[in-house]
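Here chain A shows up in two complexes: once beside chain B, once beside chain C.
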Partner chain A sequence: MSVLRWLFRYVRNEVLVLPSRVIAVVFCLSLLLLPLFTSNHYHYRIMALAGIFAIFAASWDLLSGFVGQVSFGHALFFGVAAYTASLLNLRLGMTHYLTIPLGAVAAVAVGLIIGIPCLRLKGPYLGLATLAFPIMMIGLIFTFPGFFGGELGISIKTKLAPTRLHDFYVCTLAMFSLGFIMWKITDSKIGIIFHAIREDEIAVRASGINTVKYKLLAFCLSGFFAGIAGAMYAHFQRVATPLSLAVLMSFQAIIWSIFGGIATIYGAIAGVYILFPVMEILRVVMEIRMLLFAAIVLLVLRFMPEGVTKWTRDRLERECPRCKVRNAFSRRECRVCFSPIRRELQKTTP
Partner chain B sequence: MLQDIIVIGLINGSVYALLAVGFSLIFGVARIINLAHTAFYMVAAYGIFYFAGTLHFHPILSIIISIILVTGIGIVFYIFFIEPIREHETAVLIVTVAIALILQELMLLQFGGHYRSVPSIIYGSAGLFGILVTKQRLLSLGVILLTLAAVGLLLRKTRLGLAIRAAAQDREVANLMGMNVALIAAITMGVSVALAAIAGAIVAPLYVLEPHVWLSPLVLVLAVVILGGLGSVKGSVIGAMILAFVEVTVVFLMPQGSFLKLPIAMVIMLIILLVRPEGLFGVYFEGER
Partner chain C sequence: MKRSLSLILAAVLITAMLLTLIPGCGPKVEEKVIKIAVVGPMKFIQGEHHWAGAEMAAEKINKAGGVKVGEEFYTIKLVKVDTDEIVDPDGAVSAVEKAITSDKVDFLVGGFRTEAVMAYTKMVAEDYQKIFMICGAATNELLEGRVDKDYDTYKYLFRVTPIKSSDLVTVSVLMTAQVAQTIREQLGIMQPKVAVLSENLQWNRVLVNMAPAIMKDKLKLDYVGTWDVSATATDITPELKAIEKAGAHIIYTIISGPLGITYARQWGELGIPAASVGINVEAQKDGFLEATKGYGAYDYTLNTYAPVKITYMTIPFYNDFVKKVGQTPIYTAGTYEAIYLLREAIERAGSLDTDAIIKEMEKTEKVTATGKFKFTATHDVQWGPGWVTGLGVQWQDGKMVATWPFKWKPDPEKAPTLEITYPGVVPYKLPPRVLEFWKQD
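Right, the complex of A and B next:
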């Protein structure tokens, strides 16, 4: 009983006061209750894939949005984990309980290997140099077609879960837990250092913080989460192909994250859950599907250059000028310090 | 063999150089990584295919029309979609990808996904260093070298070139000196897209044409630009020559492994970047905050 009362008070005092939190809770609940609204296996499949790609996009955001190490070759982690998982499954007969963690470990190792030489590079140089790694990996795969399966890739025997409904729940719960972990990482002391490295690396170094260590940590963390997504993807599709390393795969993660809002983990997740289903809905006009998709991205970013989530949040909430706590747009006084929030004052600064 | 490598490498290298110089110019002035650069190159090639092949215009006339048209498209996209959000660098990146996808899909709708070829302007071949080269290739090489020289003259000898170089060096100080930096950026975008269009128009008769043809040159142009150093025209030309010769050598020495030409070019680029993190002739943007 007391637990229920605590929960009721928590929801009333912490969730219902801010529109963005209400939206997040409604989204999570409706995603978990999706089987009540539909029993179509195709819908489960779309939402399960969206969950996997949400982890992937959020891991790009962790590395590039927070630490500012913009990577154009994020598909490397995804593809390496997918290939590791499928090779372990095919050659050694391991199940997905082992292959997914080991795939993620392989991606972390790759993150270290490319992180160390890339530490010297900055800004666009880093981004464009990371573009090279997946291309080199594809070259390797085509050079040894006997081992890596060449163009067709390697098929996997073990399914991720027995049915599509199970698939959907596995991917959604993985997305929730990993997304929450990433969000907490960026909220912690490490996250503050990550922010600081993006804003001014020299100042961070001058404050006695070993930026090299933290940048490598970011490469490893991001590689770990992208690796889990890649291994899950391989088990879900039951094949690992060179397409998982393609340039387009890297750019998809960037498009989703920036569309949703960069340097906010939830933005990347929102970007995937908006754009991925939209792409599927657009299948009704197959001919001009990509054209409409590109036009949507172009127009949305033209008018909301900071991403959808940040734009929506700025419309629904405003910051208290005195205590910097966020308030719903409808309130006239701050919910914490009761100082008046005057809208006119914020709008017309001379 | 050696003569083959030299001649083909020179021709490919000059095409990459033309693309990379345009890319480098707009990065220098506006700090835009324009991933739609090679899409404009693709559209220009399709323009020639359409005007010369379908409407039966004179080849030279259709080249001129399509270069002007593509430059116009580029400037319109810049003014309406890139300039207003230029402060948000990541958003600009994705907007240029979206522009490239839009151009690709429009070409796909208009011309279909078939492999097309564009008729040559002159036919026949000539001997050069003991190997046989088609006259079309020699003409392309000549035009590209002339264009590169013209760009060099534009940058070094004219007031516009001085303004472009100044804006590339320090945008704020250029603005304080009374230059209209936004206008200079728009003009530079025009020049850059025009260079891409010229490259497309020139190589259109040499290669087959299809709407996805922009992606693989894009990767190579990105590699060339950072190999040479961002914002350096000289670096772009030298980087283009290095990577083109690497590619051609790989293809000639092991024809069965020609799919490795891009990965090997990438390895070379990484090695050079590890030695010089700012590219061969790049300037470190250390002071930029």
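Right, the complex of A and C next:
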């Protein structure tokens, strides 16, 4: 009873006070309750894939958004894990309970391998260097087609889950849990150091922090989460193909993250859950699908340069000029310090 | 008051009666429909021909009364499924699942890019147990290792066009033998030199590896090397110059993608004195000569359809297709045959039960536009003399003409008198520059 009372109080005092949190809760609940509204396997499929891609996009945001290590080749982690999982499943008969974590471990190893030479690089040089790795991996796949299956890829025996409904719940719950873990990492002391490295690496080093260690940690963490997504994807599609390493896959993660709002984790997740189903809906106008997609992205970035989530939050909430706590737009005084919140003040806040 | 009420009532009744006359507004008459998904990249010629072939078949069947299932007649309704699989093979699986779960299709025909077809046929067979008739992907592994190894799971998959890739190899080798023979006869070169030029893709690896032995041992040619080029290369001058330097009389091509245009254009532009023969899918298309600025003339490639009398159905189908679409049909237009094969199997089964239809489909023996048709044990196209053979087509004098099979002796030892030439097939011509160069030499 006391737990329920605590929960009720928590929801009333911490969730319902902020529109962005209400939206997040409504989104999570509606996702979990989706099977009440549809039993169409195609809808489950789209939302399951959205869950996998949300983990992938959030992992890019963790590395590039938070630490500033802009990666143009994030599909490397995704693809390496997909291939590792497929090979372990096909050749050694391991189940997905083993192949998914081992795929993620392989992606971490790759994160270390590319992290070390890339640590000296910055900005566009780092971006281009990371872009090269998945291309090299694709070259490797085509060089040893007998082992990697060439362009046909490697088929997987074990499905991610027995039915589409199970697929949907596995992917959604994985997205919730891994998204939450990533968000908590960015909210921790490590996250603060990640932020600081992005803003001023020299200052961080001057403070006695080993930035090399933290940047490598970021590569490994990001690789781990992208790897889980990649291995899940391979089991979901039941095949790992060079497409999982394609440049398009890397760029999609960037587009989703920037669209939703960079350096937030939840922005990347929101970006996927908006854009991925939109792309599916646009199948009805297949001829101009990509054109419309590009137009939507461009318009959103023009009018919401910080991404959809930040733009929405700024419209629905205001920051208290005194204690910096966020309040619902309808409030005239801060919910914590009761200072008056005036729109003019909000506008001048950087 | 009473009068106005009666007027309103009458107006409502009349409106209701009139509404019943409008299609879709009347009492619902249950229409018996068989929904067939036509799956392909609809923005590309492959998908356009998938759709056109299927549409032609559906129109003809519906016009003739539909599909007879037991005592009832069903109308065929086609559902266009644009998979965009050339650009986004992963997304193609979603498009196919949408067709099955949202559009509730009963059968599927089509498919083009092997990676995509591999993935969605796996889903169709394993998860939805629907019959999928592949019309556009040649890779052996789409059926081999599936239907034979795990029949219960993959019995739903059949191939209609083209013939499987290993049979394509056989035909292309026979075409190469024909070119070599022409060189021997017209140039007096008894052991022509052959170079292999292939795109670096998985589907042709077996062929690329086998090619040297086939050329040397089977065709008695002097093999000078293999040039494996990136499938997306836009300039292959160094490779072509190397082939020229190697003194090749024949270039045996194994190209399925846009590299075929780059190759044919540069082959003509550089005036490489070697006859081009083999697989060049781009050369099967109507716009090939324009795309290669005319330099692709005399390129010789495999094909499925041409205005020659393979069977009594070939030329009528060819003409109808050209009349409808304004283009020569490519192999993806095999959706036409697929729907007819499906109709016959359903009618023979007398029900829409999938297993019963599969049983009947396996018994199929039917004359089609591509030849006499039956399925092998792996649900593939039976290739060979008397069955579907495929064609060789060459660009002669600005036109695509069939040049194989021409006086083809499938088994000179056991059946020395058996010689196959489809009416309408013309002799192969060596490119004039090849003739001039090697005669001077």
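Going forward, the second predicted complex is superposed on the first by the 344 of 350 C-alpha atoms of A that agree within 3 Å, B and C clash if a C-alpha of one lies under 4 Å from a C-alpha of the other, contacts with A are read in each partner's own complex, and residues count from 1 in each chain.
Here, contacts are C-beta pairs under 8 Å (C-beta built on N, C-alpha and C of every residue); 3 or more make two chains touch, one makes a residue touch a chain.
Treat the numbers as computed from the prediction; the structure is a model and nothing was measured.
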Between chain B and chain C, whom does A:302 touch in the aligned arrangement: first, second, both, or neither? first
So, does A:19 touch the first partner chain B, the second partner chain C, both, or neither? neither
Chain B versus chain C, judged by how many residues of chain A each one touches: B
Looking at the overlay, what does A:258 touch: chain B (first), chain C (second), both, or neither? first
Which superposed partner A:287 touches (first chain B, second chain C, both, neither): both
Applying the touch criterion given at the start, work out whether A:277 contacts chain B, chain C, both or neither, answering first, second, both or neither. neither
Just checking: does A:153 make contact with chain B only, chain C only, both, or neither of them? Give me first, second, both or neither. second
Considering only touches as defined above, state whether A:142 meets chain B (first), chain C (second), both or neither. both
Is A:41 touching anything from chain B or chain C once the two structures are fitted on A? First, second, both or neither. second
In the superposed view, which residues of chain A touch chain B and also chain C? 142, 287
Which part of chain A faces chain C closely enough to touch in the complex? 40-42, 45-46, 49, 142, 145, 149-153, 155, 164, 237-239, 241, 243, 279-280, 283, 286-287, 289
In the complex with chain A, residue positions of chain C that touch it: 42-43, 82, 84, 89-91, 93-95, 97-98, 100-102, 114-115, 118-119, 122-123, 127, 139, 141, 200-203, 205
Over in the complex, which chain B residues touch chain A? Could you list them? 27, 33, 80-81, 84-85, 87-88, 90-91, 93-95, 97-99, 101-102, 104-106, 109, 215, 219, 222-223, 225-226, 230, 257, 259-260, 262-264, 266-267, 269-270, 273-274, 277-279, 282, 284-285, 289
Flag every residue of chain A that touches chain B in the complex, lowest number first. 70, 117, 120-125, 127-129, 131-133, 135-136, 138-140, 142-143, 200, 247, 251, 254-255, 258-259, 262, 287-288, 290-291, 293-295, 297-298, 301-302, 305-307
